[in-house]
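Two complexes come next, and they have one chain in common, chain A, joined by chain B in the first and chain C in the second.
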Partner chain A sequence: MKETIIHLEDVSYTYENSEEKTHPAVHSVNLEVRKGEFLAVLGHNGSGKSTLAKLFNGILVPTSGEVKVEGIPTSDEKRIQDIRKKVGMVFQNPDNQIVATLVEDDVAFGPENLGLAPEEIRKRVDDALRTVGMYDFRLFEPHKLSGGQKQRVAIAGVIAMRTDCIIFDESTAMLDPKGRAEVMETAKKLNEEGITIVFITHFMEEAVQADRIAVMSDGRIIGIDTPKNIFNNETILAKAGIELPPAAKLAKKVRESGISIDNGVLTVEQCAKALFEAAKSAGVID
Partner chain B sequence: MAVLETVNLTHLFGEKTMNRVSAISDVSVKIESGEFLGIIGHTGSGKSTLIQHFNGLLKPTSGKVLLDGKDINESKQTALSARFKVGLCFQYPEYQLFEETVYKDIAFGPTNMKLGKEEIDRRVRRAAEFVGLKKEHLEKSPFDLSGGEKRRAAIAGVMAMEPEILVLDEPTAGLDPVGRETVLNLISDYRKETGSTVILVSHSMDDVARFAKKALVMNKSKAVLFGTVEEVFSHGEELLSMGLDVPAVTRVFIQLKKMGVPVETGVYTNEQGKDAFLQLLRKGDC
Partner chain C sequence: MRDITIGQYLSGNSFMHRMDARVKVLLTVVFVVSVFLCKNFWSLLTMVLFVAVFILLSKVPVMTVLKSIKPLAFILLFTAILNIFYVSGGNVLFEWKFIKITDKGLYTAVFMAIRILCLVTFSSLLTYTTTPTALTDAIEKLLSPLKIFKIQVHSLAMMMTLALRFIPTLIEEIDRIMNAQKARGADLETGGFIKRAKALIPILIPLFVSSFRRAYDLAFAMECRCYTGEGRTRMKQMKCGPRDAVASVLAAILIAAVILLNHFFEKLI
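Now for the complex of A and B:
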């Protein structure tokens, strides 16, 4: 059993000025984010996934229930800085989270606020920029970067805080395919280095790369499991209105024509491999 | 006859400076009346610059834009009439909503066209119906709508001008899968019902494959491929090398080919993929 980094116990959140008072944005959610895992959160606009994200590091505090980050409740105002040092966040719009006029100044913003020594800040900024592959751009003006590059600078800003966990709140939604791939690759690399990743998205192709997927619908988590099990669970897919990843759709079509294809096929690579095996066993290729 | 045509269209940014860059270079395309054209290309390929020439927002550095055979930059009158004949809907158009009510916002374009009150009212209601906004939405402030509704209200504002050619720049960017389907379907229905020419700028090859009949691929400021969707997608590997988001099924077939399976890589829908694969297996039987 892996250690838990973020623990949600019966968490509900209702926006105060919401017209429908009785309808919480997040409803009785129980969830354990495991240390070192890559957890994807899927769900429609309005399903509550962004509200959930903001509950993870105390940007929002639950209306009822409790969120604990390594044992510290997010409702404990005195310790909010400790929580933010553990759980960082990358938002959707790359233009809304860059504050400085130089890339390296932007990344240094967080560590400077921690009151660290200048040498330590320098080291953290350089390390962080190298990790996200933006070191060569350290003296650039952020507005001259592409969307994917800006998001990588935002990620560097979080890494420079040396957080244990990073929440990506639809950080790929406003990017083009290249930018999306850059952000996804960066997240996977950080995960390999031991950082816990919570990746909120509505792109199936991104979600399938996670260790586990949590599916949200109408404020509740209606399923949490491996990508394979989630995408083979018709009930969950139908309830959350989630489609299969494109490559899995092709695999399903071929399977329905009577060819034996494993139902764990979710990615392009897996699909090509499965079709290759099927062609081989049919004797079409050697 | 071509309703819109560009002849050797070239646009340089910063023409008189050291940092001269060509945003589009020598683009010659003919768009037929009633056509559904998809323009594909990654960020910075010149697609947005290209469409801003279609209604005279940008003036060519050299070359021409012909609307119904006439140069739109010939006189003030031709330029003005191009503004009304070609309706341009920008990326994230909901950021441009500004009126007190949704009704007034949709009416903004027709009002500028100096139409009569009744005609404006007819157009506003018709456009609202096209995008699926109800009567009660029209009296609301645009800022009280959901994200998807705002997007549709903004599109209705352009539709209400009843342009001959409707140009949409990334109308589905940032929307979730359900929102994307809704917007694409309403655009498709609008075209069928009004017979207008529709030009859709998109990163998503999947969307273009499903909705457009013809496709134009922009890369490094040039029009590199222009033809029916089938023709364009038969260049799968080339599209992939331009950093475009080729449909998953196409990527599966490109990989299969690399693995030594004798397949064509011009497939772009799952149905075609399934058929092509089954055909391959049948070859093994005889």
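Now for the complex of A and C:
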């Protein structure tokens, strides 16, 4: 069992001005985010996944229960800066999180707030921009970039702070398919470098690429497991109103027609491979 | 809407681009003051020469500089006409009923026009050669003595940075809302002044609502990046170099020249 970085214990959150006082946005959630993992939080609109994201680094403090980041409770106002140095966040709208009028100045914003020496900031900014592949755009104005590029700048801004964990709060929701792929690739790359990723999304194709998926419905986590197990669990899928990713759907149809095919198929590549194997064993091709 | 050029920066590596932003801001202030000190055409000529020298030093194309004057054509014309008709004294050149044009009026009109042109050109040179970030940093540094009066200089500078950052974003937003309202049958182009002003309400209200949401999101994002407004350092340190010394000497010569020329030649205004 790996170490835990974020620990949620019986966490509930009710919005103060919400008319339905009895209906919390997040309801008695228990969750452990393990160090170095790629965790996807999947759920449709209004399932409470975005509220959950804001609980991870103390933007919201739980109404009841406790969120701990490496042992520090997010309710401890004196140590909130320590938490934010460990857990960074990339938001949904790329326009609303870029502060400066120049790409490199924006990436420098976080390290500048940490009070680092100018040479150190320069180094971190250049490293971060190279990691997300935006180094050549460092002197661009943010509004001249595409959505995916802006989101990569926002990611660089978090990387430059050297956080251990990055939360992607529906960071792909406003992007076109190309931009979504760019952000997903960057997130996977960072995960390989040892950064814990929590990826909040309603896109199945993105969730299947994670190590684990937590499925949210109506403020509760109704299942947390590997993508393979989640997508083979009919009860969870039905309850959360989740449809299978297209490749898995195809594999399921093939299986239902009587051809034996691996039940772990989730991505297009896996599906192609499984179909090839099935055809080979049936003697259709060699 | 898209041709708004406030705070427009042209990237480059000229003498003026490489000057310290603080010195550039101070230089602009000195320039503005000297323009108002000018009392005759000789001292004004030195100002024009000074502007010309700095246009050369900034390597900004002359056409671009002229473009920044275009939006002011109306104001220029307006002040010129007012001066022609209202300044009395001197020899009368033309008289018809109550309209009287004198040579002094003509001189004043031309003088004022050149003055405004100098002011606009020089201050646009400042924004052409200084990134908005450097500009707000410079203003923050220059205003920092105000801290003793408990004025939050840093917050002011941050507000300026964010305002400049969101100008293009809000322009896009206005375009989007206008198209959305047009698609719903809103008529924005016809009718008199009052009707058109009223037609703007369905544009402004969504713009305000979305701006509040943006502000809210941005505040979260800034907090997540450990922003408290205190204990910040800067990646780009400002340094004065030989270029700044040269520019300061030029500015000193300018003031001296203006005062001397004002003294030795006849005062016009």
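By definition in this document, the second predicted complex is superposed on the first by the 286 of 286 C-alpha atoms of A that agree within 3 Å, B and C clash if a C-alpha of one lies under 4 Å from a C-alpha of the other, contacts with A are read in each partner's own complex, and residues count from 1 in each chain.
What we mean here is this: a contact is a pair of C-beta atoms (placed from the backbone, for glycine too) under 8 Å apart; a residue touches a chain by one contact, two chains touch by 3 or more.
Predicted model, so just to flag it, every value in this text is computed and none were measured.
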{"item": "Chain B versus chain C as contact partner of A:Met89, first or second or both or neither", "value": "second"}
{"item": "Partner chain(s) touched by A:Ala108 [first = chain B, second = chain C, both, neither]", "value": "second"}
{"item": "Partner chain in contact with A:Phe276 - chain B first, chain C second, else both or neither", "value": "first"}
{"item": "Residues on chain A lying within both footprints (that of chain B and that of chain C)", "value": "none"}
{"item": "Chain C-touching residues of chain A, taken from the complex the two chains share", "value": "54, 57, 59, 81, 84-85, 88-89, 91, 93, 95-102, 104-105, 108-118, 121-122, 125, 139, 141-143, 157-158, 161"}
{"item": "Residue numbers on chain A that touch chain B, as the complex places them", "value": "44-46, 92, 146-147, 173-174, 176-179, 202, 205, 241-243, 245-247, 249-250, 253-254, 257, 259, 268-269, 271-272, 275-276, 278-279, 282-285"}
{"item": "Residue numbers on chain C that touch chain A, as the complex places them", "value": "11, 131-133, 161-162, 164-165, 168-169, 172, 213-214, 217-218, 220-228, 231-237"}
{"item": "Touching residues on chain B, where the partner in the complex is chain A", "value": "42-44, 146-148, 173-179, 203, 206, 243-245, 247-249, 251-252, 255-256, 259-262, 270-271, 273-274, 277-278, 280-281, 283-285"}
